[in-house]
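Structures follow.
Okay, so subunit A shows up in both of these, paired with subunit B first and subunit C after.
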Partner chain A sequence: MTAGLPRICHSPGFRAALALVGVLALGCFLNADGTFFKFKTHHDLLGAVAINGMLACGMTLVIIAAGIDLSVGSVLGVCAMCFPLFTMAQHWPAWLAFLACLAIGAIAGAVNGALITLCGMQPFVATLATMVSARGLAKYVPTFAGLTAGQKIQPTEGLGPPVFDLIDGRILLWEAPWGRVQLPIVTIFFLACVAVLWVVVTQTRFGRHLYAIGGNEEAARLSGIRVGWNKLFAYAICGLTAGLAGICQAARDHLGDPEAGFTFELKAIAAVVIGGTNLMGGRGGMLLTLVGVLIIGYIEKILSINNVQEAGRLLIQGAIIVVAVIIQRRRG
Partner chain B sequence: MHDVRKSFDGVEVLHGVSLDVRAGEIHALVGENGAGKSTLMKILAGVYVDYTGTIEIDGRPVRFGSPRDAERSGVAIIHQELALVPWMSVAENMFLGREPVTLWGTVDYGRMRAEAARFLGALTPGIDVRRNVAEYGVSVQQLIEIGKALSRNARILILDEPTSALSDAETERLFEILRGLRARGVALIYISHRMDEIYRIADRITVLRDGAYVGCRRASDLGRDEMIHWMVGRQIEQLFPKHMRAPGRERLRVEGLSLRAGAGGKMLVNGASLVVRAGEVVGLGGLMGSGASELLGAIFGRYGRQCSGKIWVEGRPFVPRSPRHALAAGLAMVTNDRKASGLVLPMSVLHNMTLAALPRATRAGWLRGDIERRLAEPLSRELSLRAPSLHAPITALSGGSQQKVILARWLMTEPKILLLDEPTRGIDVGAKADIYELMNRWTAAGIGILLITSELPELLAMSDRILVMSRGRITAELSREEATQERVMAAAV
Partner chain C sequence: MLSTFVRHAGTAVLPGLVAGALLAAGCRQESATSQPAAAGESYGGMNIIFSADCKWLENNGRQEMESALSRFDRIDVVYGHNDPEAHGAWLAARAEGQGREKTIKFVGIDANPDEGKKYVREGILTATLEYPTGAAEAIDLALLILNKVPVPKDIILATTLYTKETIDRGGIPVDAPGPALIAELRSKHADLLKPDAANAGKWTIGMSQCNLGEPWRVRMNQELAAAAAKYPQLKVVFKDAQNDSQTQRNQVEEFLTQRVDLLIISPKETVPLTPPVQKVFEAKIPVIVLDRRVQGDMYTCFIGGDNVLIGRTAGRFVGHLLKGKGNIVELKGLMTTTPGHERHNGFVQGLQDYVRDPVAIDRFFGG
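Up next, the complex of A and B:
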């Protein structure tokens, strides 16, 4: 086995980084006539992974506490409907609509948390239920705009309110010789999620409590930790990131699609697991998730620049999750 | 087994250990935790396959590639943690993986039950093989495991700490059965920390220390002091340090505490009253199921509002709503199950230590790693904790060191009353002596200790007063002078 290697080689961070390097090497090999070496490819990738990345960040908190949240895709859908509803149909100011959508996400998460801690439901079952209900809600939202249920909410003229363009836009960082280094706003949101939640899990009591709850809930309770509140809070934050992702999704599409975020929860969980955060709880971290998101993003990118069709892409992605989990199990 | 060596990650943990066990004998394998007993037994049971050295069974050299191989050669191991499926019947458990089938390929339940009943009936009467394993207590489950091993023609039976969860009566029954197996020519390897049991049951004793073979002798020829000397490499003149205590003012008062197992269930604790003063150790004795653990848990708020009765801490009324409230009131509790309710296994030593005292390491909302270390370092010195570093994973530590980490966790909360439930269970002699010494230091500092222990010598030596519980009631209160093993036992049964 891996006997004799230095300790660092056994750390999940090292394994995740190694996997990312492996994927990048694969990209260099399958570079599609040099497309992989183009600056633009990597540039676009950062924008493409952002929405999944936000979901994965929130999911990481929940998984560290030995939970799971299947509802994030549907909550994303609700918020991706509410944002255009508030701004296009109700003509709210953009900042109010923004905060309202974040609040809706957080409340949805808190409902998950309440079902789990107050009603004692298993996280899988509770969030499965909210996943179904939230999808229904997303389809019901258009009726508030005078449309029939299940319809898309579209701008009446042009591309809708300017906030959509703003969130979908990029900011110029540097006029480099090889091209303009621009960062999409959604990527900034994603990286902000990583940074803020990294601070939360590593530098606050709340973060430590989540690890303790995931590692041994009874020991955490006996140590005076409010297990219920901490879990509820973790689910609420997870919902909040889903709300943010929903806003970004609506801005990117320039409309509200009630099907938005369909099966996104699975991709977010996959990113967390590939990063090396253990589904059993108590182990993992935000930076691992960042690496996991990049690994998934690069795999998709490599497959798409090589013109692999969707059917093949899905098959290969599934295989990669299996490989990632096997590597994870080898630890310790 | 001869000259067996085994390494983990390049570190040799067994340095040429030998062991010979004869048919029809009970052979005790003793040593401190980490001495290599479990590793050696796992090699014999085919769990570890990469080792050097030879194993012979009935004079024929064997080399097992898997636990199944070992089983086929008649080696069976009964682990401390039993490996039964709780929601399957006794018969199904015994024949798990080799169910008898009918001509049609379906499971032949009739034959399975008859066979299961035959093997169990030879051990003990009164087990219904159709009932679920979960309906039986630990002691019966253990017998089911033994029956399962025998039904697989086990000729070498390894028992790892079989009595750790048994009451004295159950232990006695187990011993009867083991003696019966010995008479039938089964070779038994018996691993235990409990000296009294070893001398009562074992024919010969092999001692390991730090992965090396120390010696093997007939139990009747190996004195207790000498065995301890073999185990620790030094003579422990006094396992229990001398204690000089002067009880001070009242720390904890409990009156009429009762706890029911669910609505309409049986009374786990029935009207218990007690007082713990500053600087004294109150021992709580009783057999398994006496309700002592539940009493401690109820005081600490583990059962919330399920319990009734009155509690005063430091003279102030206290309602044990949750462990959090108990902690705030100055209580701390070490539970009797390190793995299940003590350690957070994925965490480091340091994080396990500071878990209950995180508010002390927080400044302006930030958890400060440097403060955590500053809190932990003096404590780990005080407890003479043996750990590679504070950042090492908790799983890298021996049982005794892990227990010290848990003690450190609670001391960090600066408690006034310590509730200790079997604080020395499953730890080696050296760590035990350390913990006794520490208990004396804490009482000298004014902490009141309520101690549960199932080891009578420990109870008698460490307690200033002894309360004995039986079936949820406190049946006796003995002063240090009055207490004898016989008196405690008389009140416990």
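Up next, the complex of A and C:
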């Protein structure tokens, strides 16, 4: 009954791309006196989606394996506090602080994985618990810098160590006559996440095992796949991307905010779902998430440049999620 | 084949059209009201060209400012309802790389010593207005109340405008009735306001804070603790309701069960917290309400800043900065809270004040 249409039209990638094209077309139509056509709008958007994008990349791995990670926002908060703590208060070299924060993120993810595989907790419950504790930990970090719990960590001179400006900066790609084409560094981190994780998911055995686990965990276990280790590794990678996102968030803010990342996990999950990855697991991919992240980012940007007020924004964003998921539904 | 295609295209396109219609309706309606020439958005030659609800967050301030910078070539002043929003906006202007952060003036509110005041000293913010926590006043009044001294029912605190030139001599004070009342009480009862080591821990004060997730409230608690540390006869127990009204109700009831000698409360919301505060008051435990009100008058004393006055001072100062002509971007706080509305309404009144009487206001702010 679906004969006649080329096979590509049934792929989730096509539907996701269709949705993205639709959103871009809306942007052209509702361009706020031409603002949508300026390069600056798109540079800003690429910088703004990077953090959500990194969270969504790690989240995709976990969702493919039929799990969920609600703690990514809080882990982002912990690393967004630790990076300023290490660089501003403890004066560590930037590269050491960077690696330390990534390690903290990975360890947090591994804790999630251990709770789920070793203790047999449901992913929702386990990551809910770590979400709450990690937020408490993030608020505790300032005490290591001699401040009260819950206080922001501010730079002592100017805008902080040079690494903050480095990460918050842009690379000039091309000095075109009608504008400068720049790429924010955080976007490069995001695209690197997408590229690396795409290779992991499509080209490695680990990736194939995740799909199998997500599709049918019992069958995967019976066919000899070490389900526990694979799941733990997936959660650890999710924590690692959250750590990277935390470093980038701290760099963008030029300070350590204990509330950083609050409710970010919801937007990350929305990006994965809108991209077309199924929450039940076993299907989906990194490129779909990239499209999902851009769709969410562009909708927010269009609402922002058109100065839509808060109530309208929330209604519209909710409606978009419903619409996007309906479009993604598998037919036939 | 055509019917199949139509069916597929229809099921994909139809939801998209619905979403598109919603989006278009939302955008068209809003862009109509955000035209500078529309009534209510333009004051004299000063136009609020862009305003967005940033929910008190720095991240949102930065993203909304990015949109404003893309859309408008000429922005003169950015008014953020708190310092983090104004700081985020400054970072957005700086990230553009064209030096706009130097030509645009940024005004914020809160004046935390390690945040807003720091930003003013560094030249990031042109000015910040103090949103006083009332903590030190609350402790002094608590000590007087515990010594059975009658106190006024309402104490409205003043504010101070800090600019780079004036911050080191204490800023430009803006008056309100509260400070005079406090000063009078302090001088009349100076004998009671002394540390009394002999009676260490005599009185226990319960402090119910609505949300330590906000830096301003972290500062409030710090100032309360520092003020109480001066009086060994006072012991303060802090509880944080983590921004949940139900939790705060439970915590107030716990203080009642423990029979604290006095309750200080900064309620999350007026209506849900009125009954528990009433119960405490009826049990003959004095209650000091800080910053946000409860309904009715079943409390001993309210101490708080005046957000309308702060917004109004900000509006007058912005008028003074612009000399009556220019484009303003307003980054609002969470508009479901009273401070958000009051800081906006006050701001608009301040702009109108400047249009009416520019000379007096210019003189007030020093030329």
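Here is the rule we go by: the second predicted complex is superposed on the first by the 325 of 332 C-alpha atoms of A that agree within 3 Å, B and C clash if a C-alpha of one lies under 4 Å from a C-alpha of the other, contacts with A are read in each partner's own complex, and residues count from 1 in each chain.
Criterion: a residue touches a chain if its C-beta (ideal position, glycine included) is under 8 Å from a C-beta of that chain, and two chains touch if they have at least 3 such contacts.
Every value quoted in this text rests on a predicted model; they were computed, and no experiment measured them.
With both complexes brought onto subunit A, simultaneous placement of subunit B and subunit C is permitted, the two fitting side by side without a clash. Rounded to the nearest 10, the angle at the Cα centre of subunit A between subunit B and subunit C in the chain-A superposition is 130°. By the touch criterion defined above, A:91 lies against neither subunit B nor subunit C after alignment on the C-alpha atoms of chain A. Contacts of A:323 after superposition: subunit C is touched, whereas subunit B is not reached.
Comparing subunit B with subunit C, more residues of subunit A are touched by C.
Touch criterion met: A:216 reaches subunit B, while subunit C stays clear of it. In the superposition on chain A, contact of A:226 is made with subunit B only, not with subunit C. Once chain A of one complex is fitted onto chain A of the other, the partner contacts of A:208 are limited to subunit B, with no touch recorded for subunit C.
After superposing the two complexes on chain A, the closest approach between C-alpha atoms of subunit B and subunit C comes to 8 Å. Residue overlap on subunit A between the subunit B contacts of one complex and the subunit C contacts of the other covers 3-4.
Residues 3-4, 203-205, 207-209, 211-212, 214-216, 218-226, 278, 282-283 of subunit A touch subunit B in their complex. Contact residues on subunit C toward subunit A in their complex (touch as defined above): 1, 4-5, 8, 11-12, 15-16, 18-20, 22-24, 26-31, 34, 50-53, 57-59, 62-64, 66-67, 69-71, 88, 91-92, 95-97, 114-115, 118, 122, 212-213, 215, 218, 222, 335.
Chain contact summary for the complex, subunit A toward subunit C: residues 1-5, 9, 15, 18-19, 22, 26, 29-30, 32-33, 35, 38, 40-41, 44, 47-48, 139, 148, 150-152, 154, 158, 168, 170, 249, 252-254, 257-259, 262, 299-310, 312-313, 315-316, 319-320, 322-323, 326-327, 331. Within the complex formed with subunit A, the residues of subunit B that make contact are 9-10, 300, 302, 322-324, 327-328, 333, 335, 340-347, 351, 355-356, 358-359, 362, 365-367, 409, 413.
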